[in-house]
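Shared between the two complexes below is chain A, which has chain B as its partner in the first and chain C in the second.
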Partner chain A sequence: MQDLGIRVLFMGDNFWRLLGGLWVTVKISLTAVLLSVALGILLGIVMTLKYKIVRYTAKVYLEFIRIMPQLVLLFIVYFGLAKSLGINLSGQTAAVIVFTLWGTAEMGDLVRGALISIPRHQYESGDALGLSRMQVYRYIILPQALRRLIPLAINLTTRMIKTTTLIVLIGVVEVLKVAQQIIEANRYTVPDSAIWLYGTIFFLYFIVCWPVSRLAVRLEKRWKN
Partner chain B sequence: MEQTAMLLEMHHVQKDYGNGAVLKDMSIKVEKGEVVVLIGPSGCGKSTLLRCLNGLEEIQAGEIRLDGNVITGGQTRWSEVRQKIGMVFQNYDLFPHMTVIDNILLGPLKVQKRTKKEAAEEAEILLERVGLLDKKDAYPRQLSGGQKQRAAIVRALIMKPEIMLFDEVTAALDPEMVREVLDVMLELAKEGATMMIVTHEMQFARAVADRIIFLDSGEIVEENSPQEFFSQPRTERAQRFLNTFTFQ
Partner chain C sequence: MDTQFITEYIPHYAEAAKLTFRLGVTGIVISLLIGLWAALVQYYKVPVLRRIAAVYIELSRNTPLLVQLFFLYFGLPKIGVIISSQSCAIIGLSFLGGSYMAEAFRSGLEAIETNQTEAALAIGLEHKQVMRYVIFPQALSISVPALCANVIFLIKETSVFSVVALADLMYVAKDLIGLYYKTDEALFMLVISYLILLLPISLAAAWLERRLRYAGFGN
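What follows is the complex of A and B.
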């Protein structure tokens, strides 16, 4: 009988360990996404303000984060801060910080885009009714901007979930790392387990990301008009 | 001089976008109950003038008074002033994510803090008057251009403004819908509403106005009664402008 690598998956508590790793991935992604949404909305509003210095600073931040590969950012925050400033962050904390920095920048840009796509006369109609600036945002601008934003934000979310695979490289034991450990541990007994484990991870990521992107499609359709 | 009867006064108002004055030394007075129609070629500053009146544009010099109180300058509480100055714009500026009734109630509920019951009752009376009661739960995208403008007028009216500003409210409408909007405005005029209207509809201007102000290049060229203005304008500039509306 041919020796199938898939049996590794069901040896001991291997499968549960994989799910545990997935939970680390999801936890980090989710925390970073939630923080990014909150901070990104603020950043996006700031980027539409008239004050040149504020707008310029936000722009520099955005470009800096975008130009940097996420891996470099991870290394700077994880290794760089420890070496130069003696700040020792856990891998997970460093990951949340980096993904929040990145997500905030991307999200901010999406929010800015959504806000400037709202015609100026929508603000003016609100002003003309005597609404305060806060009320104009709350009742008129944000509800419209959010509808345009949510499909894009969800897309960003799936990108963030996928990019968390990089955190293996700063020693966080997430789903990919767990798989590598299992493969290593069984290298001699089950040499071709890699394809099965990575295949499983493919499906795990799919299970996490697919509903999220379906949701985006759904909302997009519902808010089309 | 009776100061008391003047609802709105502009004194030597200057508006400048940085590349030349859009309004030059503009002085206009509007009495309570008066309908003033502003006409003039595009770019003459008539829309800008309306926008200055409710603070959508800042003015560089001069002052504007509402009920005798100066409303220009640093300390203006625009939220309060704007409740007294209703404005309807050229583009249908209903909020697209809200139904007609929610559009209308936003101001009364959030700015004036009126009760929902009372405001909703008034909204229905006003909607009935402009023939839109059956559209109260419709979204703006389900309305025709004329219906949107009538809803926008109700949204401004429900704030019980002292003066209504209309900025080319029929300019973006299909011809067959212009009438239904103008009729609403004519009716308001008959009821004694104070209005300042920017329009290109000359027949309508003639019918609705108590006074015509003809602007060109940011200046008042002629101020006249509608009868005289349209039959024998005093200025050659107004004459030429009016000629562009007739075919020979």
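What follows is the complex of A and C.
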């Protein structure tokens, strides 16, 4: 049998380079998720307020961000801003901005959903007890809303990690780019390395995302009632 | 903005939008079939197939489409399996979409209580008829919001097809930026194209959801 392309994986520090590339993706998504959760909670609360202008602005923002493919948003921030406004962002910064914008929209909608799913009498009872608006949110609404929210936010994290793969298309060196470099470097010695490397990346993503999505499912089941 | 440039290149975008739409629709139809199969296999707890469906759903939901496409288009030819760009795109999209559709159907099927089945059996329907006339119509109306969200999600996902050398909307935009450095115009048309493609679907989905809210039985 011919020698297998899989040995490329273990030549030198190739495998560590792949993991390093994966870390770039994970790092960007985690940064974006943390920012989105904070901003999303604000957006969600704003969307439940009674001011029409604020609500409609938020709605337009949400619809636009959700309808545009994330790759289009990346192109707008990475190429568009550089050309029209002269703002040159690194690929990674552009990615964090785009995924925060997107994550905030998604998170905001989840927060809004969780907030309006809390029955009105919870707010009214809080008022009746003489709590201030802030206290009602802090001690009554948020603790209940969080239970519905946390599994959804964890789901958003896996979606974020998966979507962040797109950054390879604006030139960020992440796991797919590293794989391409390794394949090119071994083009003549190991011509069939591509299937092994891309196969490995497929399973690397699975190993990262699967436990996280299982966690979301379990929390959702446990907190159902 | 250079309006002359924009009008000149509208046909390019229209062509690309058609390609995106065609591949997207094909992928979505196949996804629906895969999803229905996987959901039914799990609903009826068919011995071996049920496990296969479960493994497939987990694999597909936890990996990005871009990586799936790289594997299909750049990886498989190394072991002699050469697939055309368009087939790669359709296979990739269906592989990804199948699991999302399966989850949507599954949540609908699970929401129908067992007394529905029992009542249907009691009035003498066969198992096939129970599914066809009693369970599925109700489950479908519950699944519709999730199915619509998946349709929009999958059309958005087609934006990565340019990596398998398909001249989709992203490809055209990138081409124009590279050739003429008309970044603003190219991106503007890109946004408009996706709005034209997705806004009607999004509005239709919202309308459909409002209509179907009345279809729920007994609640």
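Basically, the second predicted complex is superposed on the first by the 224 of 225 C-alpha atoms of A that agree within 3 Å, B and C clash if a C-alpha of one lies under 4 Å from a C-alpha of the other, contacts with A are read in each partner's own complex, and residues count from 1 in each chain.
Note that in this section a contact is a pair of C-beta atoms (placed from the backbone, for glycine too) under 8 Å apart; a residue touches a chain by one contact, two chains touch by 3 or more.
Being a predicted model, the structure only gives us computed values, none of them experimental.
Trainee: On the A-aligned overlay, A:176 touches which partner chain: chain B = first, chain C = second, or both, or neither?
Mentor: A:176 sits against chain C, while chain B stays out of touch.
Trainee: Which partner, chain B or chain C, touches the larger number of chain A residues?
Mentor: Tallying touched residues of chain A, the top partner is C.
Trainee: With both complexes superposed on chain A, which partner does A:121 reach: first (chain B), second (chain C), both or neither?
Mentor: first
Trainee: Looking at A:144 after the superposition, I want to know if it touches chain B, chain C, both of them or none. Which is it: first, second, both, neither?
Mentor: Only chain B is touched by A:144; chain C is not.
Trainee: Scan A:80 for contacts with chain B and chain C and give back first, second, both or neither.
Mentor: In the superposed model, A:80 contacts chain C only, not chain B.
Trainee: Return first, second, both or neither, reflecting whether A:131 touches chain B, chain C, both chains, or no partner chain.
Mentor: first
Trainee: Pick one for A:68: touches chain B only (first), chain C only (second), both, or neither.
Mentor: In the superposition, A:68 contacts chain C only.
Trainee: Enumerate the contact residues on chain B facing chain A in the complex.
Mentor: 54-56, 78-83, 85-87, 89, 91, 93-97, 106-107, 110-112, 141, 155-156, 159
Trainee: Quick check: in the complex, which residue numbers of chain A touch chain B?
Mentor: 119, 121-122, 124-132, 135, 139-140, 143-144, 147, 225
Trainee: Could you pull out which chain C residues touch chain A in their complex?
Mentor: 58-59, 61-64, 66-68, 70-71, 74-79, 152, 156-160, 162-163, 170, 173-174, 177, 181, 183-184, 187, 190-191, 194-195, 198-199, 202
Trainee: Which residues of chain A touch chain C in their complex?
Mentor: 5, 63, 67-72, 75-76, 79-80, 82-84, 158, 162-163, 165-166, 168-169, 176, 179, 191-199, 201-202, 205-206, 209-210, 213
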